[in-house]
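What follows is a set of structures for review.
In the two assemblies presented below, chain A is common to both, partnered first by chain B and then by chain C.
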Partner chain A sequence: MFTLRSRIAVLALICLFAPAAGAQNAGAGLEVGRKMLLEDNPGELWIDRGKRIFHEKRGPKKASLEQCDFGMGPGNLKGATARLPRYFADTDKVEDLDSRIVTCMVTLQGSDREQVKKSAIGRPLTDGSDIEAIAMYVASHSNGMKMDVRLDHPKEREMYKAGEYLFFRRSGQTDFGCVTCHGQPDKRIRLQDLVNMLDKKQIQAVAGSWPAYRGAHGISRTMQWRLYDCFWQMRLPELAYLSDVSIALSTYLNYQGNGAVVKVPGFKR
Partner chain B sequence: MKMKKTAIEWTIGAAAVLAAVGCATFPDAQETRGTAESMVKASFTAPTPNLLKRLDQDRAQQICSKIGKAELTPAEAAEVVKLSRASIEYPKSGKFAGNWKAGAKLAYDGGGDRIQGGRLEKRAHNGGLCQNCHGLEAGEVNVGNVGPALTGYGARGNSEAIAKYTYERIYNAWTYFPCSNMPRLGATGHLTPEQITHLVAYLIDPQSSLNRK
Partner chain C sequence: MAEPMRIRATLQGDVADVRILMRHPMETGQRKNPKGEIIPVHFIQSVVVTHNGKTVFDAQWSQAISRDPFLGLRIKGAKAGDKVSVTWTDNKGDKRTDEATVAASS
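Right after this comes the complex of A and B.
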């Protein structure tokens, strides 16, 4: 079990061996640390838990999620999340991984949509929500495959263009848009490297890394949470779970990251 | 005769290719703007309706939201500069440099005014957020680089002119660099004029820890 103590030990080791020269060299030490932490990723536990929940008969209809269609046909999980977000005819919407799990919980299991959405994001240092675990399990079936989001349907194209527009949209008292922090090379906030989403290689390095284990919170997270957290930090109102803005941004970013190799669970600070 | 036929064949061929890749069916800029702005109206919650207004863009933000590699025109840049200069509110005390120790605390404070779980993180004063993006004191490792390092800023002196310029840069950075990544901390109300004077002192006071070798 990857304990907090062993993680601190790893970080202490990095501090000892990283060059003392300061800010310029911090990057190299951080990279070593990240690689080490990826090798023993607590996020793996979410795959196990997700598998159990996925196959359990639950909800008023006492059904499992085994017949859920993630885009490759009911029950076919292999390669499914590598194609998300995508248009689904049964809901007539573009849906991401979280949305699709919720759709299936409602239609297959009879769960209440608002109740499910309310408990979608787990509390730090807990086992997390059912959705977070199911998402990790389903996404793991795309490991090793390349992101391949397509823009064939008019609604997919609408989401992509809207997402692009929103990525560059600046608002609020910080005047931040996604682009402010994610539009230039070699930038950091304190010691946290910022992914340059306008660089193909950089975005490919992260596009396949969600859902991911968030070390500081001791819990696994989906992209829905990540987008929410960005808007929080920007001093903007709360991004609603499964909102159009969240789907639009995910569609844009995942398409930009096409070609990325899926590798979940990812590991974030 | 033969050339005409070829031209027609090329046109039909090109049209077929375009139809196949669906070039004609991506929404244009205006349609996208309408769709996205509607999405913004429907995708957020806040404790009060007033806080939802944070999502509304002012004129300068609209100009500064260029998509992709699109650049500011000279006219747009001039408009942002003009709006920014007009926004500047000077401190009631008339002094641009306040207390550098208060400024130091502010510079390292990244909190205040965020919204979570239906509640606003309301404090007496918001943090300056400076350390997130700027290197501050010499020898620190935990420094961001989204903005230039400010270590030793005081080397340029602490005259009235420098104090005023520094105050304006923090109050509304877009006065000098339209659409800069730097938040217009005073103009948007994130910081008060008095808070900004403390940041100015932190930057230019020769005694400030920022200027210590």
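Right after this comes the complex of A and C.
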């Protein structure tokens, strides 16, 4: 009788500790899965798709995006995204990858800016948007290169300063700022480890891995979407696609991530 | 429209490690669109892998396979330069064939 009781006690103890141990190891287990997914990342399929769309003659002007200038001269994609966001003289604006693609779709292909913006963020579990595919294709040309965002132009400095301010500023009904979740080590939401963006290594891992294939959505996503989703999670007003706020934040984050080796497509859960 | 696959085949000893990524929505027929209408079932039904023309893998898939599926297999007795060809056919009759060459181990 006693032995049975002690056995039950031992079992109960195991049951008590098992979930705790499981939670602790969950991060490690996920790491194995993430590695496998990175090796055979479905995001690779988006590079092919983006390539096709990029070189296709489209829009009212029946032109491809081949002459699009991502900052390294028209048609030169190599290393371009490692330097984004940056100042572009033709639009007199600091632009990131998404906004530059939209600019080119408008100027080269004659597409309607508002129309393009409307379809820029694809619905989950569909084919996704053209821009998301193009972004992946363009970014893949910077693979193996180091993030090198420069703040040479006064407007770039301005964007960086604004981004820094926004990152630390708490706002909205829940009094959240980016730093609330991304300013401390070893924090997580459910099983998702939160990146501590004040840590150079961790922010570099972020800066070098976007655009990324988002597993649960089954499509490729860009930083614009990530920031939009963060704003939604913080219950802030909807972050407008290509808004100055989003570009300011990615200027700040990518500058912090300088030195990171670009490896896209990234893989996110 | 069927989009290209990504096929990697690398030699490990006399075994070719083949990794295939396919682009396919793999709809289960149980999901609904924003209007509440059921999205019709759409999945890869058969996958055939050949090694130098000889069938080494022939599978019947169901809608239980994930979206953008990944398939990994190992082919015994392969040599560098061998041709590996993959063909899938889905339930709408859409088809895609892609080919890769076995690369020597690095």
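Methods note: the second predicted complex is superposed on the first by the 249 of 269 C-alpha atoms of A that agree within 3 Å, B and C clash if a C-alpha of one lies under 4 Å from a C-alpha of the other, contacts with A are read in each partner's own complex, and residues count from 1 in each chain.
The definition used in the following text is that contacts are C-beta pairs under 8 Å (C-beta built on N, C-alpha and C of every residue); 3 or more make two chains touch, one makes a residue touch a chain.
What you are looking at is a predicted structure, and each value in this text was computed from that prediction instead of being measured.
Could you check whether chain B and chain C clash or fit when both are placed on chain A?
In the arrangement built by aligning on chain A, the partners chain C and chain B fit side by side.
For A:Asp112, using the defined touch cut-off, is the partner it touches chain B, chain C, both, or neither? Pick first, second, both or neither.
A:Asp112: touches no partner chain.
For A:Arg49, select first, second, both or neither according to whether it touches chain B, chain C, the two together, or no partner.
A:Arg49 sits against chain C, while chain B stays out of touch.
A:Tyr165 contacts which: chain B (first), chain C (second), both, neither?
first
Go through the superposed model and pick first if A:Gly218 touches only chain B, second if only chain C, both, or neither.
second
Have a look at where A:Leu125 lands relative to chain B and chain C in the superposition and call it first, second, both or neither.
second
Looking at the overlay, what does A:Glu31 touch: chain B (first), chain C (second), both, or neither?
Neither: A:Glu31 stays clear of chain B and chain C.
By residue count, is chain A touched more by chain B or by chain C?
B
Answer with first, second, both or neither: which of chain B and chain C does A:Asp40 touch in the superposed model?
It touches chain C, and chain B stays clear.
Just checking: does A:Leu194 make contact with chain B only, chain C only, both, or neither of them? Give me first, second, both or neither.
first
After superposing the two complexes, find the smallest distance in angstrom between C-alpha atoms of chain B and C-alpha atoms of chain C.
It is 12 Å, taken between the nearest C-alpha atoms.
Could you pull out which residues of chain A sit against chain B in one structure and against chain C in the other?
Common to the two interfaces on chain A: nothing.
Sort out for me which residues of chain A touch chain B in the complex.
Touch list, chain A to chain B: 22-23, 26, 151-152, 154, 157-158, 160-162, 164-166, 168-177, 180-181, 184, 186-191, 194, 231-233, 235-240, 243-246, 248.
Considering only the defined contacts, which chain B positions touch chain A in the complex?
Against chain A, the touching part of chain B is residues 22, 25-27, 32-33, 35-36, 39-40, 42-46, 51-52, 54-57, 61, 64-68, 113-116, 118, 129, 131-133, 135, 139-146, 181-184, 188-190.
Quick one: which bits of chain C touch chain A in the complex? Just the residue numbers, please.
By the definition above, chain C touches chain A via 3-4, 6, 8, 19, 21-23, 25, 31, 67-68, 70, 72.
Please output the residues of chain A touching chain C within their complex, sorted ascending.
Touch residues, chain A against chain C: 39-42, 44-45, 48-49, 125, 127, 218.
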